[in-house]
């Protein structure tokens, strides 16, 4: 079994807060990340898929296919967007990187499997110091 | 003469648009960066100052002093903030990285000089691919 | 289950040698790393913890809490220190990065668990080319 | 059990294509990577081995030994070489990074084991965006 | 005056040698870089242009314009190509990074100036350790 | 004129303090960097030299020559060493990165010039956030 990871980046605005809580409560729990005027990041997304190599091709999924899937299913929906107000698959969720990783996993999984590969890991770095991984 | 550069990072939301222009005009000029719902970046700020080394100390400005100046004059005002709506020194300016570099230069220059050093360059990377430098 | 990784850095001096061995023997086994006059590194520490997301918060451990734990339990004890002579939890151990990773694991594990999370991995890069991982 | 990773780099030319297929067919499957005039990369190779720490030494394999093994078995054979025409262990294989990772695994495994360690992972980044991992 | 730098990458094969010299002479002068079977790199290209900010726009050249120019004039001609045999603007030149930087400068300069900006620097990193800069 | 930069790294111990001052005074001026038990860094050294390209060679100084000069004149003297007690060219100087950059400049300048090139810049990063440049 071989693992292949594609790295993509996107820039987005977000705010961490819980609907219904007053600003002070959100500030207490989420700190400066709850700023009502938003802030943003250059997110780094690493998607790892796994599969058995096809001997006649030397790979199991074409990297350009993988790149296209990630762009269509994720990047086009989040890049230069507001994760809280503009991204369908984040609606109703607190816009943490944890929830973002799970949501992106759910977006990618069925499509990756249509190509005969398995989704192994969604890894998102919010900053160079903070990284979330989800393995399903 | 010796040059010393301090690297700091901050995360902020912004939007590039010109007040008074309709959204379509802003979209035409500023592209996806004009998204009215904001987006954001992990900005990387490099501040370079220059001076003549003091032989008795082996430096001309204490790095911890330089760090403190940058934090007080810049980072505390922009980190986890909205550059368009929350940052005093960007008020009335289009929130391009070009304007941001000039504004940060103007914030830092008098304070750096109070410490007997000269501000040489403000460099800001908006993403790993886009960098602005200003030398006054 | 979600994995969250916090990256921290610290600068320290160390020397790899075995008490009681003559310098020549230490040089033979540990090479230039056994230099009696010390050398040092900018260590990069990545701590990964795992847990089940709390739906009401969108995370299972607050990143600022994780950062605080790592600073109190590790960074304050090793940054700008001599790993051989000044760090309590390395006393009596050969100051390899392998031993350092295990010792940091032991420092962090009980505290991480007090917060209802599980320590998953301690990863330390001594240089950009040499990295140690410990999973308990 | 401790994991130790050594990072090495090499620069090589290659071309992805299947012997016997016309250029158009190769172009269709492998895209621009099938260019008959070759192209190349700065490959980044990460080799991870694992073992139980020897208490008297504080490690289980000397990093300088690991480095020497990787250089002798891999780097000297691929650096500034053409992966398709000059590398014995890639002969008859399509020069994908997937096949390269497997071939390097097979080169390293017996030698690593001679030193009482276990090969855990061969990771190769072809570019900063594309990475392959093989765990045997 | 403001400086704006756009970073792009491309992967290419090349060989350093002087036409007419025997292989041994080329090997003596250019070392392993003269390998007749080619080798290759992930080149990192940084193009810096300078100009006076337009107050009504907050920039002097649109970053998307700069990106487009670099792609059309350079990247499309060199990416996944052989610098010696396939790149028109390198014909008849020894394929050193020094010559490549000068040739790319000459390609870009007239087009950058058509947009009212000035080309300031072409910087190319052949590997993470070797970088060439040309200022005209 | 062409600029060529070679990047090298070395790991060393040091301590910033002024001979004759009590520890408290050194602590006040140099902070934790004055720790009497030393600390250390992975220093990143970038040496930039400039010259006019020789048309028959496509370069003005062979990169392997430049690398050899830097290794012989600098790296071998500082790598895995104590900058305060073991490095001849730092004797009697406060071991700041500023002084280190000037000392390395003085070591390299005459040798670079023997090869018909000009030393342009010595840049040293002590950490990823702190960088010193010296241009003579």
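We just call them A, B, C, D, E and F in the order they show up, numbering each chain from 1.
Heads up, the rule we're going with is that contacts are C-beta pairs under 8 Å (C-beta built on N, C-alpha and C of every residue); 3 or more make two chains touch, one makes a residue touch a chain.
Only a predicted model underlies this, so the values are computations on that prediction, with no experimental measurement involved.
S.K.: Matching A-D on over half of contact pairs, by residue number: which of A-C, C-F or A-B?
M.R.: Repeat interface, by the over-half criterion: A-C.
S.K.: Can you grab the rotation angle between chain C and chain F? Superpose on CA, round to the nearest 5°.
M.R.: Copies differ by a rotation of 180 degrees.
S.K.: Quick one: chain A and chain E, Cα centre-to-centre, how many Å?
M.R.: 34
S.K.: Roughly how far is chain D from chain E, centre to centre by C-alpha average, rounded to an integer in Å?
M.R.: 28
S.K.: Counting only residues that touch at least two other chains, what does the list for chain C look like?
M.R.: Correct list: 128.
S.K.: Pairs of chains that touch, anyone?
M.R.: A-B, A-C, A-D, B-E, B-F, C-D, C-F, D-E, E-F
S.K.: Which residues of chain F touch chain C in their complex?
M.R.: Against chain C, the touching part of chain F is residues 9, 11-14, 32-33, 35, 37-42, 79-82, 85-86, 127-128.
S.K.: Please give the residue numbers of chain D that touch chain C in the complex, ascending.
M.R.: 1-8, 48, 53, 56-60, 62-64
S.K.: For the complex, give me every residue of chain C touching chain D.
M.R.: The contact residues of chain C facing chain D are 16, 18, 29, 31, 93-96, 98-99, 101-102, 128-135.
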